[in-house]
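Labels A, B, C, D and E are assigned to the chains in the order they are written; within every chain, residues are numbered from 1.
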Amino acid sequence: MESLERVLMEQPFFTPLDSAHRAALTRYAEPAQFPPGAYLLHENAPEDRFYLLQQGRLALQVHVPGCGARRVQTLQPGEIVGLSWLIRPYRSSYDAQAFEPIRAIAFDAARLRALCGADHDFGYELMQCFMPVLLQRLQAARLQLLDVYGTLL
Amino acid sequence: MQAYPGLYPVAPPQSAGPEPLMTSALAPPQVLTHAGFDALLAELKRSGHRLLGPIVRDDVVVYDDIESTADLPRGWTDVQDGGHYRLQRRGDDALFGYAVSAQSWKPFLHPPGQRLWSARMRGDAVQIQPEPPPSERMAFVGARACELHAIALMDRALLGTGPGDPYYRARRAQVFIIAVNCSVAGGTCFCDSMHAGPQVTAGFDLALTELSDQSPPVFLVHSGTTAGSAVLAAVPSAPANAAQIAAEQTILAHTRASMGRKISSTNLHDLLLGNLQHPSWTEVGERCLACGNCTMVCPTCMCTSVADVSDLSGERISRSRRWDSCYTSEFSYLHGGSVRHSTAARYRQWLTHKLATWHDQYGSSGCVGCGRCITWCPVGIDLTEQVRAIAAPPAG
Amino acid sequence: MARKTIKVDSLARVEGDGGLQVLMRDGALESAQLRIFEPPRFFEALLRGRHFSEAPDITARICGICPVAYQMSAIHAMENALGVQIDGAVRELRRLLYCGEWISSHVLHIVMLHAPDFLGCQSAIELAREHAPLLQQGLELKKVGNQIVAVLAGRAIHPINVRIGGFYRVPTKNEVRELRAPVTAAREAALELVRWSATLPYPDFERDYTFVALRHPQEYPLNSGRIVSNRGLDITADEYESCFEECQVHHSSALHCHLDGATYLTGPLARYTLNSDRLSPIAREAAASAGLGPVCRNPYRSIMVRCIEVLYACDEALRIITAYEPPPRCTVPLEPRAARACAATEAPRGLLYHRYTLDGDGIIQAARIVAPTSQNQGSIEADLAEFLRGHLSLPQFELRQHCEHLVRNHDPCISCAAHFLKLEVLSR
Amino acid sequence: MALSSEDSGTRLASAAMVPRIGRILRRHRDAPGVWTVEIGETDPGVVPCAAGQFNMLTAFGIGEVPISLSGDPRDGTRLIHTVRAVGAVSRALAKLPQGAPIGIRGPFGTGWPMHAARGHDVLLLAGGLGLAPLRPVIYQLLAERPRYGRIMLLYGTRSPAEVLFMHQLEAWRRHLELDIEITVDHAGAGWHGHVGVVTTLIGRMGLDPVHTLAFVCGPEVMMRFAAAALEAAGLPDTSIHLSLERNMKCAVGVCGHCQLGAAFICRDGPILPYARLRPALAIREL
Amino acid sequence: MRTVTRKSRLAVWKFASCDGCQLTLLDCEDDLLALAATVEIAYFPEAGPMNSGHYDVSLVEGSISTPAALEHIRAIRRRSTHLVAIGACATAGGIQALRNFADAAEFAAAVYPQPEYLRTLATSTPIAEHVPVDFELRGCPIDKQALLEVLAALQAGRQPVLPHHSVCIECKARSSACVMVSRGSACLGPVTQAGCGALCPAYGRGCYGCYGPQEAPNPAALSARLGALGVGAQTMRRLYRTFTAEAAAFRAESERHGA
């Protein structure tokens, strides 16, 4: 547990959390490992865990009938896997599948949600961690929509 | 309001108007009668110059080939306003009694069309024949101060940097200029604001002031170059007297006092570039026809485009350059669309280039205050008004 | 009951979209029809509500081959309505303009449309291969005609400089003088063309036409004159509609023009026959040397008459060019007034009649336009009938060729015709 | 008043307006609609280009367009250009067969600031066809490898099929002298690389913002977002260089077409520091 | 290395029109033989050839104004690699499109005693309203150099070098005086596409818009000025409603000045 806390302390992702809150977070965290091909999240399944990637990459995918799994984004170490646990109905939007051996920290999403409800200061700081990710992913999605490489303008 | 300082490849703005040109050491002025002026034109013709000067054609004063003073717009003057031009009788015999011609000297130095090269294709063999620069000697008769400034600006832009434009260089190299001090200001003139007139200060071979109220009417003549002095020496003239020299200054003072327009030239650069999103651009864009008239008559608008054409057989091909205008959509066309899609953006490009970014590019304003863009705008859009609109705080 | 049909769906080498249908039963001719597929464009309707000054530009669009003719008839009718009379250099310039159109329109027909019939070619393209010098010469001549129109009025097709009362701008002396060399050369080429036309093989085929054309006291008619015939008609344009009527013929919805209930012919043959004494000496001599008498009733020989008219137009153009002095004013002031007026001029294909009714503001209330081809349609069909009666035994292919040639003799301009005629023949 | 006429100047200028004639040595297809042509010049020999410069290429009888150098700037035997066939001229250029003549004027414009990059980490950020003008940079960086710190290439395209120079990128990646990350918007089944726009890669690179120079080339909208992301990663705007594209006709700053504010993109660009471009890029339709 | 290809096949078609645009082809006197040498004129009834088959280039004159034309233009499209609409009728409905603003039946009755024989549509519309058009060559009539340029460009596979900007740019390039500014004449030049060489102003009259609207027309702003010059609503309506009345920008502007 000691080392996990140190790992989390060093993660830039959790910079907005003060040390007490970071220590609280550690209580809901545990190391996890996945072989290539393993699913960390399943589309439409209740999202009761989310992950901070430490090693290895994975893909967010959507299954399209006739086309199989279509990758919409790839994630790599330092990034968060799973945002839907924050928002009702707390179900995953994508499949998250490892395509390299993965080392990650897994968080108990359901209990963290409860903690956010009980401790709004903690909740606010945690939102400060997640909002930039949401915004970046929104930006990226919009750029993808723009099909920017098609034009040279 | 922060103008964007990062985009200036050249020196920052120095002066509001075009840089005043160096006044050459002037010999004492001479006096020339109408007959003497005719002899002077004949002398230029004899020495192989194509004479170009103001004539009346289709109810306007334009520059065209002339033979003698008989072709000049004797006794005519012009009434000019936004989108309005009419010729009127003066009641005297002044040859240069109008304010400013419909088109400048631009077409003679930088013609609307210029072939650059032609080629023959036979299978995989290509033979390119560059178009030789012309070698015509021209004499411009009746160039105004604003026009000399405009020519100096074109010199800077077309010859100043890089290899320059060989066609402009060749034409420009052979021009003899007889300038005329303005005795009237037009309704759309604002050269005084741009420090580009009405007095001719440099860039001429000979400069005239028409003393039309003297009897008989005469011209006061200054030589600006040895070529000018030589031509003047070949025709009969007399030294000017003090009254005549004083009359010249009176005329110029009167002209200065009767400018039809003015523009506040204090830091137009920062004013315009700091207000690129000002609502008045949209408003003027609604009135603007995007017809390009202002750019065509502007004596310093020199943008061009090139196009390659081939004949039916595909064997003869050529590349030609023609005047272009920043009001066309082709001008900023890039992969299926125009960078400047709206008319407002095109107007903004024209005005800010002329009055602001020209400073960054060439060290002075690109406007000489001749007022042609105002007169010849079919709907009378007035750049001096637009500047005022930008300077005013946006309503609401 | 042997029934035979000759059907040409689309006539080649005529201006506009038209066909031909001949029906025969038991070896006898039942009907011979010129069919017109041109969609109607309703000019007379759309002119209503337009300003009188717009009539020359609008009616020019009836026909791209002879826009000047439409402009001329329109301006004369309007000037009659407004009570102005144009003389002097402006009148001469109009005549010069008309000469230009005659030259290009006639040469187009002579060389590119009609000559292939005589030379056994199918098209002008084929002609270019087999008779290159003729085509080349024709193109040169046509170019000069177009050049005259372009110099005077801006462009060869739908010229822009004609206005009621004169011109928007009259050409300078220099501009007109520059036409002199090409028109002189064109006159020589026209003389050559007349000589060439005399060498063509002409079938022995004469018809007793009622000829109708303008006649002027001194001039070979272009812009003005009384409307006369070889059967004693002699009227002003104002009286046109009381003598000529458009009637519905039983076999189609076309309107044919009749004079006193019978068909008649306008155009080169009529003009020439009624006015050969008004030709310039050089044209008269050329006609005589080519063996063309003062009267011509053989429609095949219309090609010769057109060549003579081209020569005349060049000669007349040269006369005007040489004498040209720019008029002091290019137009006269006009005051709109309520009026009804008519005019007829000689389009290359024949008499072109316009009538307008204006209100006090100069707005057109009614318009009536009768094009040459609608007047000639009856005669063309009569030519066909006459010919076929003697040649029904010919093989179908040859019959068809002959019929087309007969139609082309009259240079029908279906584009013009259709704007006033019907468009579709009921098929059986 | 006449200006003195300098004959040699006139000749020189004339020459700038008339293309030299080169020959197509080879051409190959890199991606759908994208072709790389190798051009040989015989007289007076290949005029060397710096990385980032462009030539005006003429398809005779069709027209002339600006195309950046995409080959090795040290190669004195041939010019290599990569063309996307989007208009009549580029289509014609892409179709020119071996041996066909091609007109060349140039090189024109500013190059990438290679000198300034010495001793620094270099981040190359390319979108779509934007890799082509950056390839000369890679050639030069690798040739002078010890002079530079870490070299990174982040490259985004619409789909794996549109990745340019794939084999070469793989070969370079194997050298481990170059961090190459490729990402696509739309991945097919066979794609195992990144998915997402190229800007998403920036944050993952662990940049040393003080010692990194970024060279960005791609569609303008992509460059705007890329520059913002680079700034967010801590790079000063003076360390970010963009390659701009505008309508270019004369290529020598006189025809007026390619102006962006006071800059003539053909002469003062196409490579300009973001510090200069930022205000202009913020204004619509400038 | 370059293979000798067959000549491209050219066809010329006519719908409701005056013939002037196809006549322009025959008016290319100096280039006609060169044209015949480089392309096969496969279908051109007025000049003679009427060969069927597939055409590389179809020049289409005239507007669509009859039910038969509707069918015919589709057939032509199917048989043509490139379809070029030539002239104001084919690109903007032509003068006959004035019927679009009126009661077509009343129009027919005004001209024909038995209009029931007519087989026409109530409207006259440009070709592009019915089939895809590869290039529109404007003008009433088209300019012959422009026609040759389009044919040469199609032959070479390049873009035709033709302007889409205003007439004013051509007008100034030939140093004509602006008739609106110097005489107060109504002129459509600022809103009309160039290509004619600014003919009308060169002859001292205002442009009547026969090339149709320019690429970025602003007729409302022009009308405001014309109104100030004394042009009334009726005249204004007629001004925009002549040879290219059906072109969207002119149509809309004419309708702003009354039905």
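The working rule: a contact is a pair of C-beta atoms (placed from the backbone, for glycine too) under 8 Å apart; a residue touches a chain by one contact, two chains touch by 3 or more.
This structure is a prediction, so every number in the text was calculated from the model and none was measured.
A.B. asks: Along touching chains only, what is the step distance from chain A to chain C?
C.D. replies: 3
A.B. asks: Which chain has its C-alpha centroid at the greatest distance from the C-alpha centroid of chain D?
C.D. replies: Relative to chain D, the chain whose C-alpha centre sits farthest away is C.
A.B. asks: Which chain wins if you rank chains by how close their C-alpha centre is to the centre of all protein C-alpha atoms?
C.D. replies: E
A.B. asks: Looking at C-E and D-E, which pair shares more C-beta contacts?
C.D. replies: Pair with more contacting C-beta pairs, C-E versus D-E: C-E.
A.B. asks: Counting in whole Å, what is the centre-to-centre distance of chain A and chain E, each centre being its mean C-alpha position?
C.D. replies: Distance between chain centres: 62 Å.
A.B. asks: Just give me the whole-number Å value for how far the CA centre of chain A lies from that of chain D.
C.D. replies: Once rounded, the distance between the two centres reads 36 Å.
A.B. asks: Report the inter-chain centroid distance for chain C and chain D in whole angstrom, where each centroid is the mean of the CA atoms.
C.D. replies: 65
A.B. asks: Residues of chain A that touch two or more other chains: which are they?
C.D. replies: 151-153
A.B. asks: List, in ascending order, every residue of chain C touching at least 2 other chains.
C.D. replies: Within chain C, the residues that touch at least two other chains are 169.
A.B. asks: Give me the residue numbers in chain D that touch at least two other chains, ranges are fine.
C.D. replies: Correct list: 61-63, 87, 99-100, 245.
A.B. asks: In their shared complex, at which residues does chain D touch chain E?
C.D. replies: Listed in rising order, the residues of chain D that touch chain E are 61-63, 87-89, 91-92, 97-100.
A.B. asks: Of all residues in chain B, which touch chain E in the complex?
C.D. replies: Residues 57-60, 62, 64, 83-86, 102-103, 107, 112-113, 123-124, 286-293, 296-297, 307-314, 322-323, 325, 327-330, 343, 375-376, 378-380 of chain B touch chain E in their complex.
A.B. asks: Which of the residues in chain E come into contact with chain D in the complex?
C.D. replies: So the residues of chain E in touch with chain D come to 1, 156-159.
A.B. asks: Of all residues in chain A, which touch chain D in the complex?
C.D. replies: 57, 59-60, 67-74, 76-79, 99, 136, 139-140, 143-144, 146-153
A.B. asks: In the complex, go through chain D and note every residue touching chain A.
C.D. replies: Per the touch definition, chain D meets chain A at residues 84, 127-130, 156-158, 162, 183, 185-187, 189, 191-197, 199-200, 203-204, 218-222, 225, 245.
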